[in-house]
Each structure stands twice: as structure tokens, then as C-alpha cells.
Amino acid sequence: MTVRIGLIGVGVMGADHARTIYTAAGGAELTAIHDPDRERAESVAKSCGGARVVDTAERLIADPGVDAVLIASPDATHAPLALACIEAAKPALVEKPLAATLEECRAVIAAEMTAKRRLIQVGFMRRFDPGYLAMKQALAENRLGAPLFFHCQHRNAVGPDYLTSELVIANSTVHEIDIARFLLDEDFAFVSVTSPRASRRAPGRQPQFLVMETKSGVVVDVEAYMDSAYGYEVKGEMVCEAGAITLSPNPPIKLREAGQEVFAVEPDWRDRFRSAYRDQIAGWVASIREGRPVGSSAWDGYAASFTAAACIEAWRSRTRTKVTLADTPDFYK
Amino acid sequence: MTVRIGLIGVGVMGADHARTIYTAAGGAELTAIHDPDRERAESVAKSCGGARVVDTAERLIADPGVDAVLIASPDATHAPLALACIEAAKPALVEKPLAATLEECRAVIAAEMTAKRRLIQVGFMRRFDPGYLAMKQALAENRLGAPLFFHCQHRNAVGPDYLTSELVIANSTVHEIDIARFLLDEDFAFVSVTSPRASRRAPGRQPQFLVMETKSGVVVDVEAYMDSAYGYEVKGEMVCEAGAITLSPNPPIKLREAGQEVFAVEPDWRDRFRSAYRDQIAGWVASIREGRPVGSSAWDGYAASFTAAACIEAWRSRTRTKVTLADTPDFYK
Amino acid sequence: MTVRIGLIGVGVMGADHARTIYTAAGGAELTAIHDPDRERAESVAKSCGGARVVDTAERLIADPGVDAVLIASPDATHAPLALACIEAAKPALVEKPLAATLEECRAVIAAEMTAKRRLIQVGFMRRFDPGYLAMKQALAENRLGAPLFFHCQHRNAVGPDYLTSELVIANSTVHEIDIARFLLDEDFAFVSVTSPRASRRAPGRQPQFLVMETKSGVVVDVEAYMDSAYGYEVKGEMVCEAGAITLSPNPPIKLREAGQEVFAVEPDWRDRFRSAYRDQIAGWVASIREGRPVGSSAWDGYAASFTAAACIEAWRSRTRTKVTLADTPDFYK
Amino acid sequence: MTVRIGLIGVGVMGADHARTIYTAAGGAELTAIHDPDRERAESVAKSCGGARVVDTAERLIADPGVDAVLIASPDATHAPLALACIEAAKPALVEKPLAATLEECRAVIAAEMTAKRRLIQVGFMRRFDPGYLAMKQALAENRLGAPLFFHCQHRNAVGPDYLTSELVIANSTVHEIDIARFLLDEDFAFVSVTSPRASRRAPGRQPQFLVMETKSGVVVDVEAYMDSAYGYEVKGEMVCEAGAITLSPNPPIKLREAGQEVFAVEPDWRDRFRSAYRDQIAGWVASIREGRPVGSSAWDGYAASFTAAACIEAWRSRTRTKVTLADTPDFYK
């Protein structure tokens, strides 16, 4: 069985996803594309084996030739389109965030629970990264004892103009929140946020430093700096009772040149997480073929947004703040 | 267009290839399988989406539902099956070596040239490894000047019982010969071979040390040690006039534990070159869709075997030996 | 001129210092030793070229054959002995901490200022570590812009039995407080402390996580975990506006063995900071010869203890706490 | 007892040695200096605590205030001065090479044997490098089995004008010959040399590639490239039956900047081997105090030069060449 995929949105990420489906996803076919910019949709379709271009997102979802939907359109459209997919009983991979508001997140969860079927996967691609997977595997083997600290750094080369101090938390650290929940298998109890001064290269926003405490007492700290200038970098170290596990994503070559030994740092997340994006789609396709969900659920998407909101509140109040997220429903366990 | 692939041979490598086609090759479908061990063929077919099992290799090649053939059967069958594919005008990816003898290599080349179409790709997967590709890219950018040395190490954990000192050269260093020709874009003029003592763990064969000189004067040295015990490892450093490029295939995590910082070393080539194998098949499928050859040609397969034969002669005589390979025909440029 | 050094205290650190003076300190001579355990003093004296053993610390300080004093006796004796050295107008290198209480620190500072001469160097050896010095040098070159974050990890293999959650801060993180003040050249304004759960290997104390904000807005975070089991490790990363500087203290060899690539991790601080300890003594001797102070001053010793006390207060209250340290007197600038 | 050292020659290396004795050698004193350039001698003496400047090398050696002599004058003077030191019964540390000719080497050896006392240490400083020492230690522990290969690279940034293809072997690879003899504890049986083309930056000389076989069958290969442009680098990997040991001399920090992760490469041997040079002098001083020789003996100096001469012969003839070095006399074992 070949899974016929419809793609909504062919911006930078959407076009990348199209290419990934075309070249690297066994058992899948890019069959339909929708984008408000029809010309761009045509161009992507042509370069990826000739998918049909569809006029509206609704028609694409309803199309009987479409088995599953990849939603890579702007954030505000995620929840309505996800709801439409649930309505149509079609599996959907939704780019993060699941929704623009917590209320919309809850609506998607309610719809899924009503439908009694898990159809939504949220695009937290790090869950498919070989480094985090090896870290999870090492934790599962339990050679090093229980986790105590998880140190994270998340740096972008250049933040977009609209980025504010709040959005540094809301847009970026959700990735760390999701991956920490994935690795540690538990939720957060308290969060605190401290900000260093702004970089002179981006005076309008502050880098952020989150300290989050899980319910069992692991301290997760996250540096989020969106204007590092030197490149995109994601680091992580899990410190356990008797040892530590560190992400080590060295590029495939090093150069010696002009007094230096040099490794390239990736310019953005698409290069850094290329294999994670590819394996995310491969995993999604396999999960459809085999009927068992993988990756981040709608609940995971909600939990990440909920926790990020608590961090913003902690940042505003400069106070250690309780996270009042409900327990994960059995449906999502 | 989906490329329908027939697979001949589902031993360790063949079964791996089946899985790769099923999960990670966009635009391809595993449609038919042949193996003398029919039970094994059925089992692989079942786990990979249900390809048809075909009785003979000849029938598989002739099957109108098969667009392209992947030959992963024993070495001695490579040339006859490649010739049958050329006869049937079907593209074939042939596991290395191209043939069991130089004469058979020449027969495949002659058949292809007669057919006036390049149909054969030889499975030197390293040409698709991100490390070697980045090395080639760095050479192409020419920031570091012309190459002078290429240092290679090739280590297996445990050699098979049948392995002899000659086979260490013939079976293993062909990979280095092929990748050196790929990176440097030229052939070898002279070769010398020196052997250290045998490891006490494998007294019946010697490790080998090759020193090969290209026509333009690059020195390529290769350590081949098939009984390293600690794991599989392939290293390479290209030393240029003004700098050096080194393969740096660090695994995705490191552990600190019991007084040590530890990286895992892969147990064999399938783990080390997983992405190379995947990209080799993806590249082959794309080359069929787009009608332009990629990877090692039949001539490259011949050149590697020819050069390895010269190395064996050099080893026997302990003398610097001239390599009398003919120039690459225009057909293969 | 050879500096004749008297050593008070030949416990583990003192005996190490004796050996360093004997083998690696140009222009210095170990001339006198005092320790309550006279037998131990004799034994160390014998192994280090035959220094005189002196009955009391007071006599050693008064001895006209002693030009300078190294104080490596128990913490409670540091301040009285430092005061005696100031009284005798002899330079003293005092192992950290400068004193057992803040009040005693202030007494030493007052005595020095009265004497109008800087005689006390506190043994924060990290200021002589090649890594931190290279970090300071890179900051001074200002290629990377102003600092924003300084991430620190400080791990011991096995904490002593008497260690409490407070002492994790008071004894260990003072090193990070001192080196951060040295690198950033400023004091702290606010501190917060969060604790993960205790390791089951040391249930009586919690690891600690400090977040300290400098007056200009740099965030310095410190993980202090005294029961890591795997070894002693000190890491540091300074994140600046346009780049980052990371300590990289790899040992001189790596091994490949049994499926792993392995670096040794030092068992304790003496191995990790061997060259820092040596260069600290060499720097101290040179500073005596040349009459200009180096390393941590009495004020630096006081500032580190003062800030650590604020962290303990922050830890008890779980509140972001203001650090009310006075400005550095001109005398110490 | 303080060892009073006389230094002959204060060129680049000699001045460095003076500084090392002054700042980092416990139990030693730089007491006398001779150099034909008296002004330079005065200046070095002044900056290193005020040693006496002596008119001739002969007078310095004869001076009753000089206990031991460090010979850092031009190569041609090494043997005569070493002979004078033996005559005066004073220990001498002689910069490599021991002598300008093999005949002179033999004369020094004969003099020492006649004197019945080992007085000469040859300045092969690598024997004091932490990396090689850790490698020797790992071999001694024998966890990895017997050695099979020793891969060496030796690169300088810019070769001097007078350097020829022969001198690349004679001047540089002697270091690898000496350290291989030290690590493996045996002599060479056969040597071969292959040259790549010259770098366009130094067309008058070729880089060299040596393949040397020890008597027990270890293959030692050495790349010697004196015009690497990017910096000075010495690498080494010992491949044993069941694992490998690699030198790993990473500098103390790494930088992330402008799309790169960067380690500095040292510009020359003095930075790369700073601690080796320091420990060589410390070891020499200790050996004088304790009366037991350390480091490379006169015989080791002879053996290195002898083997290098065989390599030059092999290079000229392009033939695998037998090394006819006599067995090490018992006196030197």
C-alpha cells in the first residue's frame, strides 16, 4: 500500500517536506498540493514528480485520492485544518505549534477523543533525531542511573524582525520542552526564567534562560539565544546519577586551514535536523501503514504550549511559577 | 513514475537493501525478489510490503513488472546477471565486485558499450557517504590547493575464516581504490605493499599496508586490518598543499561513565555506512527516473579490480609495481 | 634571588605543593615545613630535597630563613596564619577559602590595607589554568562581542561524608564564583538556586544549580554535583554576542577498544588542574621576585565567600536574592 | 643540591631553554651563558635572573661553578662540545642531532664508554611529551595486544629555504625514528621511501613518505611535509592487535565563530611541545641529582641518524633497503 499524501503549504518548510516525500519516503507518494500562492504550488509540484495542485485546503482534505495530510501552512491555520482532518478521518502531520492558542489545542484534543482515534502527529521533529534517540536509548538501558539535570542550548544565527522576548520562549524553547518530556517521560512542576542583557545585534529582545523542574525533581535548563551570529546550534547534556550523555552532532569532515582545525556549524535547523525531518516523515508514513501512532501527539503539542505559557508568566513575574497542566489522559498514553 | 525494483539475493546485504527500498527510497517499490532460499525470500518479501517471490533470477530480470534490478547475490553470479540485465535493457545496481575476474569485467564493459547505454552501477556505496562527499566538495572548492597525500585506514572487527593475505587486498582495499579514484579523479601509476606481522588473533593472514602513487603524484596509503577486535572503522585524511581534510564520523552521542568519555564505534559497515547505502539506492532510483548515471560505473568497477590485482602482484614481489590500466574510454567519462 | 618558601600543612594538597616547589618552580626553594604530624612533615621534607621541619607555624613564619609562606593547613587556621604573615611582612599563598567566616575575611583585608601592601594571594588555582586563560585572552580580543551567558559544570566523583547541600555551594561553587569574577571583571547583582533531587548514591545532600546575574546582565549558571561517580570534571562555556568559547581539556591520548573510542576523565582536581597548580606557584614566586601581585587577592577571596553566602540564602528561601557586596576598594584594583 | 647549569648557544631554542630553566625547573639555576653574539647572551642572561656571560664554550665547560651543560649551539659544534663535556666529566643535554656525521656520533659513544659513565642526553624532547608517554604507558599495560602499525604525520608550516628533499628526511623524520624506537623498544630492519609531487609553495623539495619495518614486523609510516601552510602538527596512531592509541593534543579551548567550530593549531614545535621541553629539562635536572640517565642516550642519537641515512639511501634508489645498524651495546641498555 502506498500512502498518498496531500501537502498544505509550500513555504520554506513545506517545500522541504515535498522534496523529502519525493526522494526519501518509502511507500509514500506526494499526490496533491495546496498553497494560496498557486504558482509556487505548481513549481514545487513539478519538481517533485508532478502532484496535482488543489484550489483550497478543504478540497485537498476531502479529496478521495488523498490518504493523509501534511499541514505546513501558517500557525493560525493549524488547528482549523487539523480539525478538518479529524472530521475527514484522515491522519495529519501538523507542523509545530499544534495551534495558535491553548483553547484551540484543547479543541483538537477533544475532537480526537470524540473520534476515538489518534490522527494528529505534531511536527516536533527532534523526537526522530539520531542523537536524542540514542540519548533515550541510553536512558532506557539505565546504566547511568536516574537523570538529575538536562542542560540545553538552542541558538539561531539571526532572529526574525518580529521576534520578541516572549516569542523567544514561545517559539523556540517549546522544542526543548517537548524533547525533555519525551526523554524524561514526565511533566514539569515549576519554572523560572532569567534574562541576560540583549545582544547589541538585536536590542529589541533578550536571550532567555529557563530553569524548569520536573515533578520527580530533574532540573532542566535551557539557554535560548536567537541571534548567535555564528550559526544554528542545539546542544544537550543529560546528567544522571552515575554519568552523563551528551549530544555530539559533529559534521562529517573537519578541515585544517590557516592555523586552525575547523568544523562547520550548520546555518539553520533544516541542515542540522535533516535526518530528523526525513525520519519524521518516514515514521509518520510507517505509522499510517501500520496503524500505531508515533511522534508527538496532540496532547504533547498542548503540553509544550501550556508549559511555555507558564514560562512566559514566570518571566514576567521573575518568580518561580507552578505549572498547572492536567495529567495526560489515558487516551494519549 | 514509480520505479519497480527486482532484488536478486536476500543474504545479509540483500535483506538490508530490501528494507531500505521499503522504508527510505522515494519513488521506488520493491516488486519482486529472487533467492535460491525461497523461504528466506518469502520472509523478506513479507516484512517489506509483500513483493512477489520469483523462481529464478532470469525470470525476475525478464519480468515486465520489473523496471530495474538490484543484484546482491554471490560474487560469481554478478557478471552473468549484469550481462542479462544489459541484454534486457534494464538498469542494474550490482554489489561490488562487478565480477569475479578481470575478463568478466571486460565482458560487461563490452556489452554496455555495444548497447550504447550505461545501465550498470557498481555498489561502491562510499561515493554516497556524507563524509567523502564533503571531502570531494572541499577539494572542488580548491581552498586548500592540490592534494599530496591521502591517508586511509580500513578496519573490520573480525575477518571471516576464508580470508587470506591476498583477499585482504582484493576484497577490502578495493573500496579505498575506488574512493581515491573518485576523489582525485585520476588513476594509479605505481603501487607497493608492505605487511606487518599477523595478529595472533588471526595468524593465517597478514594485515596490509598499500602505498599507491597516482599519475599526477599523489601518494595514497591504505592500512587494511580485518581483525581489529574493537570494531569497524574507516578513516581518511586528504592532505593538500595548504591544509588537510579529515573524515570525522562521530556517533550522535558521547557518554561519560566510569572514568571515561566514550563514543561508540560501529560493529560493521552496515551501521557505519547506513546513510551511504540509503543514499546509494535513492541516487540510483533518481538516476533511473532522470536518465543520467550516478555512482561507480562498470569501468570504475573494472579499474578497482585491476588496481587491486596490481597490488597483489606488488605484495608478492615486494617491489614497486607499475599499474598498466588502460585509459578510461570516453563512453565512461 | 631564590625565594625560600615555608610550607604550613602537608596534607594531600600541601604534600602536592611541596613536590611542585621541589620539581617545577624555578627560583624557589622549599626551606621549611610545619605540620602537627611531625612524622609526616619529616617524610615530605625528605622526599623534597631536605627542608627543615619547624615545630610551630608561628616559628616558621618568624624564621628569618623563610621569605614567603604557603598556607595549606585546615580552613579554620587560614585567617590567623594570614594575619601573622601580614604582621611579619611576608607574602603568603593561602589555600582557599581565605577564612572560615566573612568577618575573618574582613579582618585580613583590614590588616593588609593597614600594612599598605598586598601580601596575600588566595589559592584559586583556576586563574592559572591554560583553558580559562585562553578564554580570558579570547574575551580580551573581543572578536566575539560582549558575554551574555557563562555555563559552568563542576563535578566530583565522590563527595566526602560531611558534605551537606549548603557545603556543595560553599565549598565548590566558590571556584566558579571566583573564575567568573576573573573572566567577566565584575560582581554579581542577583542569585537564585534550584536543587534537583538527591542522587541515591548520596541521599543526604542535593546537587545544586545556581543562576547568578552580574551587574551588567551576564547570566552565569553553575551545576554542582559532587557525586558523579564517573570522575572529576569542570566544564565552562562563555556565550558572547557573536560566538562562544568552550573549555576543551581533552587528555593527551584516546583509545579505541572493545567497540568504543575512549578518553580518560581525571579522577580528581589535582590531575585536572595539575598545570594550574604548578603555574600558580610559579606565578606566585615570580610575583614575589618582581613585587607585583598576581592571582586572587584577599578581596577576591572575600567576594567569593560573600557571594556564596548569598547563594545559600537564596537556596534556603527559593527566591531571587540580591547580593549586597561592597564595591572593590581601590587598593585591590 | 641545586644544579648549576651552563648554557651554550642562545638562538631561538637556547633562549627558550634559558627561560624554562629560570621559571620552571625546580632545583636548577642558570649560572653561565656563552654565545658568540655576546650582546644576545647578555640580554638573555639579564632576563633570566642574571647568569654570568662566559667568553668561550670551553671556559664555560671548564668553569667549576658549572655542574652541567646544555648545548644549543649550531649542529656542527654538538659533537666537539659533547666530547669536551665528557672529558670534563660533566653531564650534558645536547640538542638534536647528536652530531653532524655518523662518524662523530661514534666518537661520542666511544668516549662515553671509555669514561664508563653516561653523561650525554640527546634533546629528543618528544620522549617527555604527555601524549607519547601516555601511549607508552598504554602499551606497557598491554590491554590492546602487540603493536602492528604506527602511523605518524609530521607537518611544519613553512620550511626554511635551505631545506632539500634529503633534509626533510634527515632533519625531521629523525624525531619519528627516535620516538618509534622509544615506544616499540626495537630497531628497524627495512625502510622504503615514496615521494609525492612537490607543493607549488615549495617546488624545490618533495614531501616524503617513509615506510619502515621493525625487526619484529611492525610497520611504521611517516608523512613528512614541511610546507603545510596551516601550521605545525604532529600526529600519531599506534594500531595494536585489539585496539588503537591516538595522540590527541587538543588545545585548551575551542571557539564557535562565523559558521565554524574552531581549534587553534600551533604555529611551531615550541608551542606544541612546550610541556615536553619543560619536562625534558626537569627530567634532566632530576637525573643529575639522582644519578640515573633519562631520555635519549648518545646511542639513541646515533641510531636515529643511522636509520635516517638508510632512508635517504632508500629514497635515492626507490628500493626497500636493509638497515644495518649494530645491536645496542649493553652499556646503553
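List of remarks:
Chains here go by letter, A, B, C and D, matching the order in which they are written, and residues are numbered from 1 within each.
Criterion: a residue touches a chain if its C-beta (ideal position, glycine included) is under 8 Å from a C-beta of that chain, and two chains touch if they have at least 3 such contacts.
Just so we're clear, the structure is a prediction, and the values are computed from it rather than from any experiment.
Graph distance from chain B to chain D, where chains that touch are one step apart, equals 1. Taking each chain's centre as the mean of its CA atoms, A is the chain most distant from chain D. Chain A and chain B have CA centres that are 36 Å apart.
Distance from the chain B centre to the chain C centre is 56 Å, each centre being the mean of its Cα atoms. Residue positions 228-230, 242-244, 256-258, 263 of chain B each touch two or more of the other chains. Interface residues of chain C facing chain B in the complex, by the touch rule stated above, are 228-231, 233, 256-265, 267.
Only residues 1-2, 20-29, 49, 129-131, 133-135, 138, 143-144, 242-258, 263, 275, 278, 282, 286 of chain D touch chain C when the two sit together in their complex.
By the touch criterion given at the top, residues 145-146, 148-149, 151, 153, 155, 192, 194-197, 199-201, 207, 209, 211, 213, 216-219, 221, 223, 225, 227-230, 239, 241-244, 318, 320 of chain B touch chain D in their complex.
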